[in-house]
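Paired with chain B in one complex and with chain C in the other, chain A is shared by the two complexes that follow.
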Partner chain A sequence: MRRLFDTGNAAITEAAILAGLGFYSGYPITPATEIAENMSRRLPPAGGYYLQAEDETAAFHMAIGASLGGLRAMTSTSGPGFVLYADPYGWAIGSEIPVVVVNAQRVGPVSGITGAPGQGEFYLSRYPTHGGNFETIVLAPEGVREAFSMTIEAFRLAERFRTPVTILADQLVTDGWEAFEVPEGPGEAEALGLPIPARRAHPGPEFYPPTDEIDVPPVVLGRGTGGACSDWTPTEEGYDTEEVEAQMRHAFRLVYKIRNNRGLIDRSELLLMEDDPGLVLVSYGSPSRVARSAAREARARGLRVGAISLKSLWPFQDRLFPRHRTHLVVELNRDGQLVREVQRASGGRVHFLGRCGELPTVAELLEALGDVAAGQAPRAMPGARESW
Partner chain B sequence: MDRLSRKFLRARKIPGTACSGCGLGQVHKRILLAIEGLGLGKDDLVWGTGIGCAGRQTFNTWLGDNFAGTHGRVYALAAGLRMALPRERRIVLTVGDGDAFGIGLKHLLNCARRNLDLTVIVADNLGFQSTGGQYGPTTPPGAVTDSSPYGLDEAGWLGPDLDILEILRAAGATFLARHLSLDGQGSVESVKAAILNPGFSLVHFIYPCVTHFGAVSLAERDKGRVLAWFREAFGDGPGEPGGGAGEGPGPRVGTGFLKFGRGVFHSAPGSRPDYSEQVKDWTRKMARGQGGGLATGNTP
Partner chain C sequence: MAWRREILLSGFGGQGVVLAGRSLGLAAVKADLEATMLVSHGTETRGGYVRSQVVISDREIDSPVAERPDIFLALSQAAYDRFRHLAAEGLTLFDGGLVRPSPGHQGREMDLPARAVALERLGTDLAANMVALGQVARVLGVVPLDAVRTAVAELSKRGRDKNLAALALGQALDLGGALSAGEGRGA
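Showing the complex of A and B:
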């Protein structure tokens, strides 16, 4: 292993190159700019193409165009660019084109605070485009080391499921510095699932079988397969159609190829959950690190608390949130997004502690846990008349 | 068309679902004649399309590989695809006036600036006709449409003092031509030159829409008289300027709005590098310099 000390942005870059990235396109935006910068420096010597786009819409479209031609492709951005991704997300989801997307979340709405962490695109990452009739795969690293390994996993999942895979990071993950290890020998690479097999082209003539199968190669153009894909509802052969039955088959495949194989996607880290504690801290991304410290500290003080750190966000892991537990959800926004989903999944008592632009402290979480254990809403939400 | 259809097109999409009197089929035929004239086959080019009449009617008609982009973004998609395909594999895009000169103009101009080896055929029916006949970026001044009921008073990209082809030339395109769908071999030659140009090419084909533009803007449903208006408005031969103001057969739209005539507008093959090839070349050099191979899947 080669040990590096660098940012999450650097870790994502190195991992993508190891995964065999053939094309990157992006547009500078804080706090994801460094990915583009690192790519422009590191990707060409590795044989991959770097293109700086005229805007984020173009950046993502270029990436899926390259993927359509058989290259392993990726783009990255932050919130204001992520909303411009709506158009190509839909195209890539509908045409079943593998691509990896990184969103380094900052504080919103709109431009908000550029250099501070936020978690405002939890739902946007589930519904990144219009029209429904699809599921999305979203992974969420909580630090640099995980940003590295997850990027490699994202490429593998994108190709197995023929769909965009989103890495929903936050500014503390992308700008934060930590040590991480890059594999050097074949054994070390294999442990990370490397090398990912070279892209294959679907041989045709039927490109969209009406099944939930994964590991079917996507349409690749330029190889004489008669490949066809579009923004329209496709027939099995790729023709555009207005037939409702064809759309039903298309929607079934887009939804159930993911739902029926979610065992390959679900990721979480459970801490102090063995004794089924009645009170559980729930988080994803950088707040998870504070949440786990708080859970340990609470135990030390005699409070039976566990912690669930979500590492994959969508499809949502309902099974982790049984009704009999009380959940305190910690996230980097004041409106409460993850908390709504936990409430839906559990149907039980769910409380919310929101911060934006900075992490809560362990002391604040301990106080909030005490409040919730005493049957009241966290006092750490000043001005909020309800917990969420 | 039958012979060309059998040779190059998918039986399932022929005939198309175009309205009576639509000139799009003629544009389609000009492109196929050019492809045949160049001796290209189904595996030599990938065919992309946009949204609207031009995109939907031509999508997946090509016997080889096909794709259709989101509205106005097919240029950016094609830019990415250009990076993945070897130089000899051509990319031809058939798009509409709204797609190219409206929603997609920014991406189109950036493709021209990069001089990417793409052949863009803009099949222009002078407005948004697939949505029922609203004015678009090339609708003639004064035209009454479903969204300009009192007559169009907003300057478009095809007026007496503005021409989209001038903007594309300034943006770095290396081959530009304008034709009417009725043009014969001259327009086929323009498409051939566009495909051969190792850089960004655009051929602007104006074609008649009888159903909406004819019926509403010209108040004319007779195919022959709509065609006559187009002939007069856009001149009778390559290189000739548009006809006299307000003398068309339709009572509502004059024919003197177009400053430039038909034929090759700008031809400078090889005057600027294709950026996609530049990136590929120096990436190869960098990779060799590092002693590493190309990333998985990249064309050598």
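Showing the complex of A and C:
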């Protein structure tokens, strides 16, 4: 095992290669450019293909093609490129093609601020394409070490569920530096709880079963299985159909293979929640690290605070949230996105602290916790006169 | 007792602030410690700052933010003016050739003549960052100096010998600063 001090972009690259990545395509964008740069150097010697695409839409389509050819495939971008993924993302969902997608969130809207962290694609990652009739799987690492393990996990989930998996990182995760360990091979990775199963191919002929079962092997074309794939509603054999009954079976599968197995996806971390605290800090990504420090510090000062660090965002894990408790949601945006889901899931009072471009400090979170404990909205949110 | 140290290194672009931070982080990792680093830049085209926030601990690091740095290194006036107030409880090292300290700040501060030392002893100010790193590592005390040397040697693409010489010069400077055993906070 090697111990490195490097960035999240480097960790994602190393993890993907360890996971058996066969094809990477992307288009450079801050703060995810170094994934492409590292891949261009590291992937070909490891036996994989690197391709710089003409744009993000093409990049994702190429990854789809590689995945249909039986390779583990990946693409990476930031918010302005993630919106361009909309068309191929739908393809990959509808035709159940495993692809790992990285979105290193920066500050928006539009091009926003390039080299600073944001969290603006919480909902976009849930609805990354048109048409409805699907669930998505979205993971959220809080740092470099977790970006490494989560990338390996993403490939496993993408194949188990036959769907694209988005790693929704932020700039502090991809550009931030941290110590992390790289196992020497799949054997060592498995011993560390990061199994890397062999890529499989569906033998046919019923490639698209109308059930919620997972671990159905992916469809691979051109390997003598007679696999079929198109962007229309498929029959179970993969032929185009316009039958409403077929669409119902297909949509059932796309939604419920994920919804009914959501427990297999979650790795969220609960801190200081054992004594059912009345006040809970909720966050994902890099703010989770500050939130944990703040929760510990608040406890040391006699305030009964717990913390929920979400590691998977979609499907949303409602069961994590204690009913009718007060929550303070911390996000790297000013509008509040996660806060809406927490309100729905908890049914309690939910307050919001938004920052953009940099992390809140522990001191700021402590002040906000004090405000919320006293029954008022965080003073650090100018204009937010009421609870969420 | 778990410990945590926050180091805030700052200057302007091109001074090697980030390389100094990487070297410190890598050295900590080589010494089996935990380390994080956040790098950020001001958005100004001129007169901006580069900031490297390094956290080192003997256990897993939660917040990677150096919000109350134990050591604050300022290699430019803009960085000093912007971040000096954070170091009220820590030690500020400023390069007096580049920074005019302003009165009224809380906390200890000392002139670390990194650029002058590099120019006089090595004939280049390019290695001033390594002089500064040497002093930071000395004052910090929790990362073994030989690990810092190994890290600098590994990360120096060019000018490895000069960087190592500069590091040694910085480590040898006795400015009288040290974090006492009680300084730095629990993790």
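Just so we're on the same page, the second predicted complex is superposed on the first by the 377 of 388 C-alpha atoms of A that agree within 3 Å, B and C clash if a C-alpha of one lies under 4 Å from a C-alpha of the other, contacts with A are read in each partner's own complex, and residues count from 1 in each chain.
Here is the rule we use: a contact is a pair of C-beta atoms (placed from the backbone, for glycine too) under 8 Å apart; a residue touches a chain by one contact, two chains touch by 3 or more.
This is a predicted model, so every value here is computed, not measured.
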{"item": "First, second, both or neither for A:Gly108, with chain B first and chain C second", "value": "neither"}
{"item": "Contacts of A:Phe5 with chain B and chain C, given as first, second, both or neither", "value": "second"}
{"item": "Partner chain in contact with A:Ile196 - chain B first, chain C second, else both or neither", "value": "first"}
{"item": "Touching partner for A:Glu54 - first (chain B), second (chain C), both, neither", "value": "first"}
{"item": "Which superposed partner A:Ser25 touches (first chain B, second chain C, both, neither)", "value": "first"}
{"item": "Partner, of chain C and chain B, that touches more residues belonging to chain A", "value": "B"}
{"item": "Touched partner set for A:Arg292, first chain B, second chain C, both or neither", "value": "second"}
{"item": "Contacts on chain A seen with chain B and repeated with chain C across the two complexes", "value": "none"}
{"item": "Residue numbers on chain A that touch chain B, as the complex places them", "value": "17, 20-23, 25, 43-51, 53-55, 57-58, 61-73, 87-88, 90-91, 95, 195-196, 198-199, 221-232, 238-240"}
{"item": "Residue ranges of chain B in contact with chain A within the complex", "value": "12-13, 42-43, 46, 49, 51, 56, 59-60, 63-70, 73, 76-86, 89, 106-107, 110, 279-280, 282-284, 286-287, 289-290, 292-298"}
{"item": "In the complex, chain C residues that touch chain A", "value": "21-22, 25-26, 28-29, 33-41, 43, 61-65, 67"}
{"item": "Residue numbers on chain A that touch chain C, as the complex places them", "value": "3-5, 113, 115-116, 143-144, 172, 175-179, 286, 289-290, 292-294, 296, 358-359, 361-363"}
